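In the part that follows, the structures are each spelled out as structure tokens.
Two complexes are shown next, each including subunit A; its partner changes from subunit B in the first to subunit C in the second.
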Partner chain A sequence: MIITSDKTGRRVMNLYMGTGLALTALMMLAGLMLRVSQAGWMPMSPGQFYAVLTLHGAGLIVALMMCGMGGLWFLMRRETSLSASTAVAAFSLVVAGVAGVLISTLFGGFAGLYTFLAPLPFHGSWPNWSTGVFLISMALITLGWMAWCLQMLGAVLRAYGGLRGALAWDFVWHRQAFDASGRTAPPPQAFPALMAGFDGMLAGMSAMLLGVALIVRWMDTRVLINPLWAKNLTYFFAHTYANLIIYMLVALIYVGMPYATGRKYHTSAVLAVGWWCSMVLTLTNYFHHLYMDFVQPGPFQYLGELSSYLSALPVTAVTIFGALMLVWRSGMKWTLGAIFMYTGLIGWVVGGIGAEIDATVPFNVHLHNTLWVPAHFHTYLVGGCLLFAIGWVFLCVESRSQRRTGSLMRWLISLLTFGGMSVFLMGFYCAGAYGVPRRYSIEPSPGPDLAKIATIGATIMMIGFVVALLEGVRLRFGYPDQTAGGQSVQEARA
Partner chain B sequence: MTNATEKVTLMRIVAGVTGAIIALGGVTAPIFSHDMTTIAVHHLLHAGMAIGAGLLALSLAPPRNERERSFWIWPAVVAPAIGILLMWPSEYAYLMTHRWLHLLDHLSIALVTLLAVYAAQAYVRGLGWFMLVLVVAMDAACAGGYGVSPGPSFLLNPVPRHNATASSARPVNAVKKAITLHAIGASLYNTMGCSGCHSVDGSKGVGPSWKDLAGYPQKLSDGKTAIADYAFLRTMILDPGKIALAGYPAGVMPDTYKAMLAGPKHPHETELNAIIWYINSLSNKAGKASEPTVPDQAAK
Partner chain C sequence: MSVAVKLLITFLVFAGVAIAIFIVIAVSTKLPPRDQREVQRRGYAIRGWWFMGLFLFVIAAFAASIPFYPYMSATAALAPARKVPVIAEQYAFIMPSHLPVNTPIIFEVTSRDVNHDFGIYNPQGHLMAQVQAMPDYTNYLRVVFQEPGQYSARCLEYCGIGHAIMAKTFTVGGK
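Entry: the complex of A and B
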């Protein structure tokens, strides 16, 4: 069963995911503008370019984060009681923060980039107020995020008997006694919830510390922020946020793929241990962003490379391999929901491999300041996270709709979306391999030529998403009238 | 009452009393001692005080709570941010001379910590411990880089704030200005990242050691020799590309210090002079030629 009769839960999920996807669409348009500008077709001034780049980066991360928050919240509400008003209040804070980011970048011209790495926010040509609005907005987003994380962490602790139960510790180490006691292990989607709550709180606290320190620095120029300290905090929280987005959306895979394949995703000892590893390694792999900071203590650099490599293992062994095995010979119907989810797994793998290459010190020296890095995180975010979110939405809609998507339409959407995406992403990868620097409004050759190809790819991809949206609306209007109370088709049939 | 319940109650009492003693000690510290160390150490003392307040909160929180009390989420996430605001580093110097206000500041930090931990524990049992670790880690992490820019504060105040926190507030006179600048330079050496490449004990690093640098002849990559006087040192810091030292690869020293130390935003180049004073203090050949001119503001 993919949808419950819990109307409030559905509304909260729709609020988060609907807003998140709408914001994603807006940020994709902003991203398209950037590529068009780099292609030389409609050049922006450097000031405009970096302001839009700031908005695009911050907005897209928050948009996809909202999708993950809504989806995971909905799944956990099926397991334990969760206050909807708290979730809506957290959502309101995030939305208020997003509004502030829009104001500071579009009207204030703030261009301190989405990582707002100190001391960059204080050394620009934009007005001082826009720096303040941006920093306060990020603090609001962090507050909303932390409230959501604390609620999620509290939910798993209450539902599964504290941290030991939520980790499935006894299930892994004392299996016989565990089975004899009649207890059951947490479902697979509880692990992403625990990880999002736990790691999210750690990341949120570091973001809040840095955010308040920067706000204080903005108000009082006597305050000095150590750049290395700030960079460590920045990448600790930002990298963890970015990682958590996909880990949150994996919960949708754990529920969505079993629905699509008719097979169950079991909690196993391997799955539990894999998630323990991910919880730890996600916190330490950000060091690969500081390889070039020669003042960073050496042991952290080794730890960064090691944990960057190790963090791929649990993901591959547990989620990706597990999902592939679910699909293997399951006779799964390739509905749009299933197609998007499955392709999202491919995007995750490809983006992950790109990240691993960048996390390797000898390659990092050549690739880290090039478009290779945007290549890997666009693959990861657009080719992974976004597809998981869209796939989930389609599975939900398909499960209730009496209409079905025709084969031709599925081919058309797949071809436009994934074909366009491949061309768009290859523009980044090739430019990175050629050493085209990232974060340049005017790129050296062959950057502009590759940006032209990427722009065409991105346009095709976005047309594909628009067609998918129209198809989603068509399916939505196919809901049966008699299923009052929001029951699923299966429930109604039962 | 069962044995287990009695044990838990006893543990709560012990934790509560211990926490209260630690927190009370931290809150009242400004009354008994006013010899401030560095700002970083001050941050760490706050973290210690937070441990006490957190333990007290855990002992006060409801022992059993199986259902969600979502109201408590909000103080739990907002209070730590207020705590960081209360640790506003540039105000420490002012607080050192206003001990009751300082006590109030400490009391507020202890109270917001208590609130954060209590609220987390009241929300869902067990989360209070997690919150305690987070808040203490946050306060302690401040020691890593949440400090004061000595230059502007030196210019803004008749009694240098940095100096006030470094030892105690003293009147400024002509002799002590040099000492003050040297101390500021030593601080900048750590806070501006110089220490990553330049040692002060003569050991070889990415860049030349500052020990016995000022006043000494330096070998250049073109085979010539130049005395490290004031102009040389100034150029090396602000325009490192203009001088290539033998034995050190070109292009490693960042050229970003020019914007941070000179230009319209730094008309008196106070921080730059402080660094050069510090370099001079490490050399036995330092003299008039290698020392900077004390800025006009400092001479007043």
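Entry: the complex of A and C
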């Protein structure tokens, strides 16, 4: 069953996902302003543009991360012991950090971007206090993230018998003895939980290491920070965060798609090994961000490409293939929840193709830091992660509502959302292929023309999301009074 | 047609095939449902082939890409070439305005302040080479300009609010 009678668990999930989705909506509006400005329709000054870009990048990453944290926490609370108060404390730290980012960018004009690549934060035209507020705010967000990771990691290790049990090591290598002992393997969603906890802690520690170094530099200008060291740490934590957002939300697929298709999804040896690979490869992929740093030790460049390529194997052969097998000839009802989740898989795959092309060193020469980069990550963040989160919310609402969405409404929402999104994303891809640099407040040709087309697409996409929101509210008001407490409509009818 | 536009076409082909597969699988839900065990039995066999095929493809692609890496080998570094220092700073490139055609050039790229990126666009406006410009480090980029004309260098690493205006035009040959 998709929803439980655990009201506290639902409230914590709603807190995280509601805040995450609201923040996502705000950041999408900020992104739309940036594209409108690049189109030349309502130009912002460079200072305003880059402050909003900083807010947009940091805000969207944190917003989607909150969706993943809330969704995965809710799923794992059904399987393990997770304290709601710890989760709320972690949430509070993240929200405090987000408030600080808003203050530093909107009021302080901090425009060092969400990557705050050292030593840029100390060479800007913005006031010194805004740099400090931004860095401390990002540290608060990281502390909240690490508290969540620690809680999740502890819960998973306790529930499944340490790291060996959580990895399903004996389930994979000593299957007969494992079965004979009467033990069961962790459920599929426990693997992203373990990965988020473990890799997330490593990423958080590197972010804190860098963050503390930068805060010390902010306090004392005599402190020197090696730019290559800082760049490696920056991309290690930023890349890992971005990837973990996807993997956390994938847990929703493991529960949502079986529910939508009426089929079962079990842990298998292939699934376990696939997640082991993802846990490792996610940590070594980040080297592809430094291909154009020729002073980076050569073996890391080779490792970056090979690791990026290999990470496609567990993703496509395990999770996506498994989801497609669930759907194939299942007779699945295409509710909005199912549509969003399934389309999210497409966004993940298509964004992954764009990423793999960019992760090829000789191609990276022509694409690095062009608009191809935001093209691919917007594809899997907006076209993948966001759709997983929205799909999950719709599945939850649909499972409890007595109302149903009509065919015409489903088509309307799909056409507006996915049609607009395709146009919006193609604006990025085409501009990237024509060498238009990313992060330009005023773009060279054909950037402005493509930005106009992309703006129209983004507007249509956002209208689609608004219509979906209204439909979600309509479904929400269709809950039967007598089924309070988390029972689904099906349960109540039974 | 530039390399990047060819990459865009490649991307569209791969993405189109992937989307077509998803559509076919979505349409299959309109057919009479099948037992999950039967779907899994056939699906696992296909997955094995998919895994092996993709694994071989990525290994082959990795091996094929290595000869085209832009990093200078020790041999290339020792070969005769004109050394051209490039100093990046907010928001300008300090470098010569004229460079020779058909001559190996090694750009010695560094930065005086923050991270920049030295991206070279050919006369057709295609991004043909790039390297990061970092403070405290010097990156060496080897280029042979085979076509005379007006080239430009643009900063491709965000370096502050003047990032978009950080550019330098230079001519190759014809002097």
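Criterion: the second predicted complex is superposed on the first by the 492 of 494 C-alpha atoms of A that agree within 3 Å, B and C clash if a C-alpha of one lies under 4 Å from a C-alpha of the other, contacts with A are read in each partner's own complex, and residues count from 1 in each chain.
By definition in this document, a contact is a pair of C-beta atoms (placed from the backbone, for glycine too) under 8 Å apart; a residue touches a chain by one contact, two chains touch by 3 or more.
Computed from a prediction, not measured in an experiment: that's the story for all the values here.
Taken together through their common subunit A, the two structures put subunit B and subunit C in a clash.
When the two structures are aligned on the shared chain, A:A139 is found in touch with subunit B, with no touch to subunit C. Once chain A of one complex is fitted onto chain A of the other, the partner contacts of A:G154 are limited to subunit B, with no touch recorded for subunit C.
Using the contact criterion defined above for the overlaid structures, shared-chain residue A:A25 touches neither subunit B nor subunit C, since it reaches no partner.
Touch criterion met: A:P227 reaches subunit B and subunit C at once. By the touch criterion defined above, A:L202 reaches subunit B but does not reach subunit C.
Once chain A of one complex is fitted onto chain A of the other, the partner contacts of A:H123 extend to both subunit B and subunit C. Taking subunit A as the reference, the larger set of touched residues comes from C, when subunit B and subunit C are compared. Once the two complexes are laid over each other on the shared chain, residue contacts for A:F294 go to subunit B and to subunit C alike. By the touch criterion stated above, A:L163 is placed in contact with subunit B alone, subunit C being left untouched.
Shared-chain residue A:V467: touches no atom of subunit B or subunit C.
Overlaid on A, the two complexes show subunit B and subunit C touching the same residues of subunit A, namely 119, 123, 226-228, 294-295. Across the interface of their complex, subunit A is touched by residues 66-68, 70, 73-74, 76-78, 80-81, 84-85, 88-90, 120, 123-127, 130, 134, 137-138, 141-142, 144-150, 152-153, 156, 161, 191, 193, 195-197, 206, 259-260 of subunit B. Every residue of subunit A that touches subunit B in the complex is listed here, in rising order: 81-83, 85-86, 89, 119, 123, 139, 143, 146-147, 150-151, 153-155, 157-158, 162-163, 198, 201-202, 204-206, 208-209, 211-213, 216, 220-230, 233, 294-295.
By the touch rule above, subunit A contacts subunit C in their complex via residues 46-47, 49-50, 111, 113, 117, 119-120, 123-125, 226-228, 231, 263-264, 270, 292-295, 298, 301-302, 305-306, 309-310, 312-313, 316-317, 321, 324-325, 327-332, 334, 342, 345-346, 349-350, 353-354, 357, 360-363, 365-370, 372, 429-430, 432-435, 437-445. If you check the complex, the residues on subunit C that touch subunit A are 2-5, 7-8, 10-11, 14-15, 18-19, 21-22, 25-26, 28-29, 31-34, 36, 39-40, 43, 47, 50-51, 54-55, 58-59, 61-62, 65-66, 68-72, 90, 113-115, 117, 119, 121, 125-132, 134-141, 154-165.
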